[in-house]
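Multiple structures are listed underneath, in structure tokens.
Each of the two complexes below includes chain A, the first together with chain B, the second together with chain C.
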Partner chain A sequence: MSHSKNERSFVRLTKSQRIQHVILFVSTGLLILTGFMLMGERWVIEMFGSAGDTIFYWRGIVHRIAGVSVTLVCLYHLGYVVLQAEGRSWIKDMLPRMSDATFAVQNVSYMLGFREARPKMERFTYLEKVEYFSVYFGMFIVIVTGTMMWTEQYWPKFWLDIADTFHLGEATLAALAIIIGHIFSVHYNPHVYPMNKAFIDGKISESMMKEEHGLWYERELERLATEKAEATSEGNGDNA
Partner chain B sequence: MKTKHTARDITVALFLLTAFLTLFIPAAAMAVDDENCLMCHKYAGLGRYAKNEEQKAVKRIFYVNEELFKASYHGKLRCKNCHTGVEEIPHTDVKNVDCATDCHLNDPSTGRAFSHKSIVNDLRKSAHGPDGTKKPDLIKDLPKCKDCHTNKPYQIGIGKELKSMQFIKVCLECHESEAWTNRFYKHMFYRAQTRRSSKQVVALCSKCHADKEKMDRHEVDVVIGFKDTFHGKAIVYGDEDVANCLNCHAPYQLGFSPHRIISHTDSSSPVHPDNKLRDCRQSGCHADAQEAFANKGKAHPSNVMTERVDEDGVTIYQEEQEFQAWVIEMIALFYKILIIAVVGGLGFHRLADLYATHRERKIALRAAKLGRHTS
Partner chain C sequence: MHNHHTDMPPFKRLLVDILMASIFILLAGFALWLLWITFFRATFDTGLVSSSDQTALEQIATGAGISREHFHNVDQAVLEGAESISLCLKCHGNYPHSKAPDVRAFLNAHAFFTACETCHIRPTESDHIVYKWLNKKTGMELSRLEGKPGSYGAMIVPIKVAEDGIGRRLDESADKAFIEEYLSLRATFNADQQAEAKVRIHKEISQKPIFCDECHTKNGLLNFRSLLYSPVVANRLETGEVASMITKYSKFYLPTMFDPASRTRGRRNTP
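Up next, the complex of A and B:
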């Protein structure tokens, strides 16, 4: 499905959202890398040779810096969805609804060939909502357990073992979900390959919006039309 | 007169013979080897195959490299100081070296004969010795001095490790004998260093303590989980600042020694519940550690499967450990199921999407073909 270059586009991600996303994925990437360095096989680690000690030291520092930055961006995001109009609109559209279940059933039946067309979906598809709230769930777990392990001296060792198990389990789940869910849908999806540029320029093309977020597209058109009408009426008022 | 002549002749003859024979002995050997052991033991091929206690064939090498021997800790000792009972040549079935033997060397700190006897006695009484073990009938399993002291006993290349031996010039300002000063200096320098890296310590202890069969035989917990702990992982990277086995089980800083390791159920053990907190806090490692950090849980999991009761008839540590292991296992299982479900679900969705795209393409192609035909 090719999209012409000079096609009309809509705002998918605002500047604030894009900045939050960049901080989130850079930190998460570093966290996954430096975290799983602890799970490396012995022979892999031994390839570092005498530099291993230094690498291990910086691994810990980088993991903590990235952990703090990801915590801060998550806290900021919580404030953002509560305090800012832009954020409130975001969370309002993100909240799961009964219709999401219907969309899921319809979309899956379309993909398997039991339906003629994809359902018209909202601003956020059911999969995007699942991904989004998985981040809440995951972040809650890794931040709490990570903080526990950072302040290890004050916790019973057994609680730390539990924290460690949760931290690793959640990290593994998140890393796999990001690779299989997110990276595939925004990079390897044939519709957007090699990548969905929305995270850079924040734009979504009209055709893609129509196809993947049909209801939102209609809603946006309506909103633009009313805005335009209001603007004209206001303009008329000024003139009068 | 005649007898006198004969005696002088014999003396002269012997002298000449000795002088002649001396030509065939390397000059260096003559200097230290007044016992003449190297006459045979200098030959690199000297050795034989023998059976050890377990009836396994082992290679026994009797070759002594003189240069290395002279540079070793024991290089100033005579062979027979340690290898006692060598009275005739050829000698067979000489007793094994006993490290508790008194040396014919004076300990400069006491003026008396130097000996490793006190350390040997400490070891005997420790959990690793015949007097301290729970299973006195399994003495052959217990570590001997040489089972641990396997590191290179040579002081060769110390100059390289030190980068320079320049400092010795300061010593030589007062101490006249260069050979003695050199030796003393190397000794002090060598002992001031950590003998083994943490990685080597873990490998050494694991030789027995990770051997389930052996540990079961001695009713000792087999250590299986250390490599998965943070300490274990840091050690693999070469971090020397985290605790290895000895830092907790025999911390020199707290007055313990690897030669005096005792069971953790003994109240004087550094890892006994009463002392664990002090153990964690030592050397500024976990300086603010709280009681629960030290005692509520294990520093490294061990798979304890045997029912065991200590002197007071209490088995709490073991039960707690099993419950804890179960909790950890359940959390891991929860994540395994969750991961399979999420990855499976996402994977299914992705494949279905690819299938849909494939169909869309086919339809688009057909439409394009149709379009061409109609136009």
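Up next, the complex of A and C:
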């Protein structure tokens, strides 16, 4: 199974989705960096020397700016999946179905060598669905607890301690999920290594689509054939 | 299935592999560090006695589980023994300030890293005074500040520079032998004699000490930058929250919970 550079490709991410993703990952990267600075090892912080105060002053400001931007993109996304046709199609395909459980079992069997071929999966695989909805779960926790800590003067210490614990715990979970679950499995995936460019150009190659999203590929081919047929018949009609 | 990577010229492919491997190591290292801080790193040193091979009951019986450190775990300076370097503290004690309840904690905290004469001997206009951090044990001047804030094993000491360029400590003129001898004979003196001795001992001490806002202000008596503080810290010492509280408010209002006497008074006044 090989492809050339001129291989046909399909739209994986639209422009709006790519912009949302860039805002999400730049903000999250800044949040992880500036957030875990608070947990930094003493000897590293001491290396900052007299600049440490200034660096940590800006750390707090950058963390809050990135927090606001990630909150805004999340709110925008909620509106996007409800109000826009493109977003509604996205969330419809993203909703978990019973078939996802079957795909999971079949895919694991394939990877363990008990199956000849990978199951034909939908537009979003079961793993992508888990990742997507864990962002909802995680963002809810960090946004609520982050807002609480930002407005600490209004909260009893008891609730702030809980907020702090949840904020750090969810941040750790999310950082590990992004590094191990997302970056490694998306970019170090041998199909696309060294980089899955879908987040830049929004495209997925025909061969990868066939391999990882078989059912979606077949549906897209059908849709394209129908559209072509319709266009042809319309064109014939004009000629008549 | 193959990808872009296999189409690359070998050298470019090697570079990409090295880059991707570096990113991999960096990210994996960060992930491992996250696991480390989550599960293995102690958040802070509680000062508790190590008690791993004792049962809980044994710990209670031997008192091993009880922290022997100062309650706030910050008073390292107390343990360092400030009294060993100052003659004044022999009579006045480690917490020499007791008169003003609203500020005495600030003053006593300062006593651990500021020589008494810094505030209690007011230099005259013609005096050329420089302030130095001197090591508590050796008396040598520090060249940089290391350790927790205020706990550098050193004190701020005013040094009077004479016209010949030689610096002398302000407390150098104190008659140490006289003071030591007085302390040993004090019990045999009557009140008048004691008062006379005290006048002689305190003859250098200014009636009005130097107050907070004479140093914690822009262009104050102390130049915090030449006292080895970083510009940011020096700025905070001059204009930070505590410093500006001192300069803006001459009277401090503390919650009455810190002042049980005033509450009792309040009750007594209520008919």
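Operating definition for what follows: the second predicted complex is superposed on the first by the 238 of 240 C-alpha atoms of A that agree within 3 Å, B and C clash if a C-alpha of one lies under 4 Å from a C-alpha of the other, contacts with A are read in each partner's own complex, and residues count from 1 in each chain.
Convention: contacts are C-beta pairs under 8 Å (C-beta built on N, C-alpha and C of every residue); 3 or more make two chains touch, one makes a residue touch a chain.
The model shown is predicted, which means the values in this text are computed figures rather than measured ones.
Superposition model on chain A: chain B and chain C are shown in a clashing arrangement.
When the two complexes are overlaid on their common chain A, residue A:T172 makes contact with chain B and with chain C alike.
Contact with chain C, but none with chain B, is seen for A:I183 once the two complexes are overlaid on the shared chain. Taking chain A as the reference chain, the count of touched residues is higher for B when chain B and chain C are set side by side.
Once the two complexes are laid over each other on the shared chain, residue contacts for A:V108 go to chain B alone; chain C is not touched.
When the two complexes are overlaid on their common chain A, residue A:F56 makes contact with chain B while staying clear of chain C.
Judged by the touch definition given at the top, the superposed model places A:Y193 against chain C, while chain B stays out of reach.
Once the two complexes are overlaid on the shared chain, A:V73 sits clear of chain B and of chain C alike. Looking at the shared chain after the overlay, A:M208 reaches chain C, while chain B stays out of its contact range. Judged by the touch definition given at the top, the superposed model places A:M148 against neither chain B nor chain C. Aligning on the C-alpha atoms of chain A brings chain B into conflict with chain C at a single listed stretch, 203-211, out of 23-31, 203-211 or 329-337. Residue overlap on chain A between the chain B contacts of one complex and the chain C contacts of the other covers 1, 50, 53, 172, 176, 180, 184, 190-191.
Of all the residues in chain A, the ones that touch chain C in their complex are 1-3, 5, 36, 39, 49-50, 53-54, 172, 175-176, 179-180, 183-184, 188, 190-194, 207-208, 211. Contact residues on chain A toward chain B in their complex (touch as defined above): 1, 38, 42, 45-46, 48, 50, 52-53, 55-57, 108, 110-113, 127, 152-162, 165-166, 168-170, 172-173, 176-177, 180-181, 184-185, 189-191. Interface of chain C with chain A (complex): residues 1-5, 7, 16-17, 19-20, 24, 27-28, 30-31, 34-35, 37-38, 230-233, 236. Partner chain A is touched in their complex by these residues of chain B: 230, 233-234, 236-240, 286-290, 292-299, 324, 327-328, 331-332, 334-335, 338-339, 342-343, 346-347, 349-350, 352-357, 359-360.
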